Amino acid sequence: MNMTLLAAASIGTGVMMLVAAVAALVVRKLISAIIIVGFVSLSASVLFLLMDAPDVAITEASIGAAISTVIFLWGRGKIGGEE
Amino acid sequence: MSFMDILAHVFTGLGALVLFASGLGVFRMPDVFNKMHAGTKATTLGSVLFLIGLGLFEPSWMPKLLLIVLFIILTNPVSSHALARAAYNEPSEKPDNLLIDDLEESKGGAQ
Amino acid sequence: MSRTPAVISTSIVLLGIWFSLTLSTDIQEITLGVVVSLIVAIATHGALTGNLFTLLNPRKGLAAINYVFYFLGQMVKANIDVFLRIFRPVIPIKPGIVKARLTIKSERAKAIVANSITLTPGTITIDIIGDEIFVHWVFLPSGDVHAETQAMVDSFAGRLEKIFE
Amino acid sequence: MSSTFLIILFVLIGGGLFLSFLRLILGGKATDRAVALDTTTLITTGFLVLVAFLQGRSMLLDVALVYSVLSFLGVLAIARYLDGGLR
């Protein structure tokens, strides 16, 4: 029972992650793409946790949510201009 | 079924329902500030009820869960406040359905 | 030396967080926790919590408990309000940003009031400029909007004033 | 905890997660997406604790704690950026 639920959760998270990755490619504004990429790495962290790797999940959450988002935003600010 | 067990079921069920309501609110509300109403209030109480309910199922986890709950109560309004300021200050992001806007006058008068 | 009570209360709070994270009664862990929390509390001058020992005064302690229960009640009411609103076919909204005046001076108290208002029925705080607070209503109250907003802000600020003097 | 109750919990939380995810993808303005990201991460924190409960491993609680802290930092960085750049 538990295994079925967890497998369903993994599949759902994977599908959401794929859809979000495609959406990050096609979305028009750069800042929206950065927000969606933040969601992609957060759901990657959930997927790692569902696959029995809590240590990798913690690392992915810290790199993906905090550092890469801040670096993307910083770079976006450096480039300047619209679009 | 003991009293504690019933309480735990009620807490987790209500918490999950409120979390669902917050997702629905964020999906349905028309503009940023109204989305924030659903996204902040409902997620805070939903997480609190859900985590405490799971803590009642497994009492040895309670201290760590209470820490998460405390952290959520303290930080959730802060991120909502920061997002609200961002949404107000950026002209292209600001919703146009406000009936009264005192902040506009106040900022216009100051400059 | 006027910071000593603040530093001690901050280190006690940090030690509580340490205990709930480790959940261990090993003497080495406890010693390390005491040392680390003291270092952090001294380095930040106790800015995390301020002086908590004033709450030992029974009048202020009761005021704090009163505030916490009032806040929890308002939070539950806020969620019932959100719940009843979003399941309607057409969501009833009548948004507006209204100004109110804060009588309270301490910065910490202002932050607490703003965060409390964000979690209570129908309102979120947008901004604080000086001693004016700007509140967003999802459904503007009927009657005098400014008076209603002022009454709502005062219901929190008045309860907090008893704690912060 | 009976299995029907467990399924109800999963469906409710997954439904909330999916709805706020839809708002994140369909968007509107950038701040709409940021609010949706905030909601999504908070619901996910609850979901992670539920997974930890199902597997009965208290170590997974640490992941939920770190997740909530870091998602707060990410949302705060995005909000600061939208409010006139990271300074």
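Just so it is clear, A, B, C and D label the chains in written order, and each chain counts residues from 1 on its own.
One rule holds in what follows: a residue touches a chain if its C-beta (ideal position, glycine included) is under 8 Å from a C-beta of that chain, and two chains touch if they have at least 3 such contacts.
Treat the numbers as computed from the prediction; the structure is a model and nothing was measured.
Chemist: Which chain wins if you rank chains by how close their C-alpha centre is to the centre of all protein C-alpha atoms?
Modeler: Smallest centre-to-centre distance to the global C-alpha mean: chain B.
Chemist: Report the inter-chain centroid distance for chain B and chain C in whole angstrom, where each centroid is the mean of the CA atoms.
Modeler: Each chain reduced to its C-alpha mean, chain B and chain C end up 15 Å apart.
Chemist: Taking each chain's centre as the mean of its CA atoms, how far is chain A from chain D in angstrom?
Modeler: Measuring from centre to centre gives 11 Å for this pair.
Chemist: Taking each chain's centre as its mean C-alpha position, how far apart are chain C and chain D in Å?
Modeler: 23
Chemist: Could you pull out the residues of chain A that touch at least 2 other chains?
Modeler: none
Chemist: Which residues does chain C have that touch at least 2 chains other than itself?
Modeler: none
Chemist: Do you know which chain D residues sit against two or more other chains?
Modeler: Residues 17-18, 30, 34, 62, 82 of chain D touch two or more partner chains.
Chemist: Looking at which chains touch which, would you call it a line, ring, star, complete or other?
Modeler: line
Chemist: Which of the chains are touching one another, listed as pairs?
Modeler: A-D, B-C, B-D
Chemist: Along chain C, where are the residues that touch chain B in the complex?
Modeler: For this pair, the touching residues of chain C are 17, 19-21, 23, 75-76, 78-79, 82-83, 85-87, 91, 93-99, 114-115, 118-119, 122, 124-127, 129, 132, 134, 136, 138, 140, 145.
Chemist: Flag every residue of chain D that touches chain B in the complex, lowest number first.
Modeler: For chain D paired with chain B, touching residues are 1, 5, 8-9, 12-13, 15-20, 22-23, 29-32, 34-36, 38-39, 42-43, 45-46, 49-50, 53, 58, 61-62, 64-65, 68-69, 72, 75-76, 79-80, 82-84.
Chemist: Quick one: which bits of chain B touch chain D in the complex? Just the residue numbers, please.
Modeler: That would be residues 9, 12-13, 15-17, 19-24, 26-27, 32, 35-36, 38-39, 43, 46-47, 50-51, 54, 57-58, 60-61, 64-65, 67-68, 71-72, 75-76, 78-80, 82-83, 85-87, 89-90, 92-93 of chain B.
Chemist: For the complex, which residues does chain D have touching chain A?
Modeler: Against chain A, the touching part of chain D is residues 3, 6-7, 10, 14, 17-18, 21, 24-25, 27, 30, 33-34, 37, 40-41, 44, 47-48, 51, 54-55, 57, 59-60, 62-63, 66-67, 70-71, 73-74, 77-78, 81-82, 85-86.
Chemist: Going by the contact rule at the top, pick out the chain B residues touching chain C in the complex.
Modeler: Spelled out, the residues of chain B in touch with chain C are 18, 21-22, 24-25, 28-31, 33-34, 36-38, 40-42, 44-46, 60, 63-64, 66-67, 74, 76-78, 80-81, 84-85, 88, 95, 97-104, 106, 110.
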